[in-house]
Amino acid sequence: MSEALQSAEPPVQGNPSDQHQTAHPNLPPVHLDAFEGPLDVLLHLIRSQKLDIFDIPIALITAQYMEIIEGQAALDLEVAGDYLVMASTLMQLKSRLLLPRPQLDDEGNEIDPRQELVAQLIAYEQYRVLAEEMDTLPRAGRDVFVRSIFPESDEVERPLPEADLDALLLAFRSVLKRVGGEVRHQIFTETISVREQMAFVLERLKAGGMQLDELLQGYPGREALVTTVLAILELWRQHLITVVQSECYGSITLLPQTAEDDA
Amino acid sequence: MSLALPLLHQIEALILASDEPLSLQRLRDLTGAETTDIRTAAAEIESFYADRGIRLVQVGGGWQFRTAPEFAEVVQGLWQTRAPKLSRSTLETLAIIAYRQPTTRAEIEALRGVKTSSNIVAGLQERGWIKVVGRKEVPGRPHLFGTTKQFLTDFGLNSLRDLPDSSQLLDEDEIQQIITDNQTEESELKDAEAQTTESSNEVYDDEAEA
Amino acid sequence: MSLALPLLHQIEALILASDEPLSLQRLRDLTGAETTDIRTAAAEIESFYADRGIRLVQVGGGWQFRTAPEFAEVVQGLWQTRAPKLSRSTLETLAIIAYRQPTTRAEIEALRGVKTSSNIVAGLQERGWIKVVGRKEVPGRPHLFGTTKQFLTDFGLNSLRDLPDSSQLLDEDEIQQIITDNQTEESELKDAEAQTTESSNEVYDDEAEA
């Protein structure tokens, strides 16, 4: 409460060669993670202290900015670059403002060295505000919902939907992004070929039991063989089939669980 | 107008958005209202739509909005120029079956985090993209689903091996992100898997060592 | 009730049955009715549903039934998972693309003053909200991004003109103008800056017209 009041002090009426040489002592501490970059930090400093964006007290802002940057325990290298570039821009501005003779444009008017930064801040601030407004629009799937299945009256014959591989892969991607823990681990370590083979073996066993040798016949190549054996082991592990070996080194029979039970 | 409007409108919204017909039980859970009030509201909605283009009908143990039968012909026209799209829930269900086959509805639901309506599974079967390949030997002996040849043909695949590995669908950053996110939720997910894998895991491990 | 009921009810049925917003053009093709009659009917349906649990809204260039926003909470109960929040970086990137399209990643980065991770752009593409609409004819020929119909539909907008405050958005020249104005009129500008932005806006508009 008191903090808020203090930071909402009367507007600082800065001028190019402003007298504040030290950081505002009452700014609440901030963490860079809360910001979207250097422009966001500067806007925060300007707006929270009700400074005039068209007449930014550069010395004050630079000091405050540097304090925030230096206050960060560890800067992510990827983001650090953008923050450091801004730091040097601010320092340059500060020294240019101290020059006795200001730069003039073609018509002899004074060029305010802060102009470019101000333009950048205003442009960014607009989008920052618009982004917030956009987030408040009633969003499908968050605030409003549409029908996702379309059963019509029985008289309507709805044609079959078309296959779309990209959409299918995107759908699985979003499932993968949501799941976690062991499930995720399992999904990432298994290969699709074992899964495919599992379905195939189950299918072949639908009619009844089968000798392992018989099932493995017609699998040329070591890889296919290994995949099939892995599939059988996985099916067995998951209690999807029964593996029977009547005697040591005897032939191995694979039984579908269902056939046995249904009989 | 015997009822507070909000309940009636809540029910209307719920039925529109639901993936499956909404049963009385579900409506009670979702709205917290009494059975009699829900029945009254549903009856009011039904009579309200009785002579419009939309009907509230009772199907498969629940309520659902459907188009009025007298407009069947005009509605049919919708798909003459463009085939209907696959819904997100259908796509997710199909993708899980493709990648995790043979798999059960329980596993699909565990992965999707949502109840998967039987409409979706039935629709995929009807489309000829999935089939029952067996039953799982757990209580209830649920069906095990797998994809079909038709699925491969329609999606332009020679074999399931043409599908990219799941690890290729996400990049390193995303996988890392998931790992971080999940470390906190790990325990919640244990339940879902326990049913499907863990118990059988132990059995297998024992036997393998023997 | 200026219209024959059948048309109104036909349109109602068609919109309910369609898996995407139904445009005027398609409604005309499907019903064979006149543009004005369809508009009148749609307006009547809209007002009919104005205070119910379902709303008829115009989004992405067509009409669609949606649940009323005030029931978001109860409808959300249908699913165990909630729509994930959009990060500020995602929203800002999307806002820049929406308001400035077509635009490049370099432009987005220049405006935000930070690198935009490829994940953000990829994530927006995956949601179907943005797409590559061309290439900019500068060295490297970078992709130009724009928003999609899906974006309009998901954000409840009928067209890009419905984006909030799009008419007030200033371009570089306008911003330069404001800065110049403010520097020459420094004395008047010692007030709150909220005022300054607005008033200078008007100043610019006047000059633009002059």
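Going in written order, the chains are labelled A, B and C, and every chain counts its residues from 1.
The rule is short, and it goes like this: a residue touches a chain if its C-beta (ideal position, glycine included) is under 8 Å from a C-beta of that chain, and two chains touch if they have at least 3 such contacts.
This structure is a prediction, so every number in the text was calculated from the model and none was measured.
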Item to check | Chain nearest the global centroid, as defined over all protein CA atoms shown | outcome: A
Next on the checklist: Relative to subunit B, which chain's C-alpha centre is the most remote?
Outcome noted: C
Checklist entry - At what distance in angstrom does the C-alpha mean of subunit C lie from that of subunit A? => result 23
Item to check | Averaged-CA centre spacing for the pair subunit C and subunit B, given as whole angstrom | outcome: 30
Next on the checklist: Among all residues of subunit A, which ones touch two or more of the remaining chains?
Outcome noted: 145-147, 150, 152, 156, 170, 173, 178
Checklist outcome for this item: Contacts with two or more other chains occur in subunit C at residues 16-19, 65-68, 75, 81
Checklist entry - Which of the residues in subunit C come into contact with subunit A in the complex? => result 16-19, 55, 57, 64-69, 72, 75, 81-83, 86, 88-89, 91-92, 94-96, 98-99, 111-115, 126, 153-157, 163-165, 169-170, 172, 175-176, 178-179, 182-183, 186, 189-190, 192-193, 196-197
Checklist entry - In the complex of these two chains, what residues of subunit A are touching subunit C? => result 11, 13, 36-40, 50-55, 78-79, 81-82, 86, 112, 115, 118-120, 122-124, 126-128, 130-135, 137-147, 150, 152, 156, 170, 173, 178
Checklist entry - Where on subunit C does subunit B make contact in their complex? => result 8-14, 16-20, 29-31, 52-54, 65-68, 71, 74-75, 77-81, 119
Checklist entry - Which subunit A residues qualify as touching subunit B in the complex? => result 145-165, 167-184, 186-188, 190-193, 195-196, 198-199, 202-203, 205-206, 233, 236-240, 256-258, 261
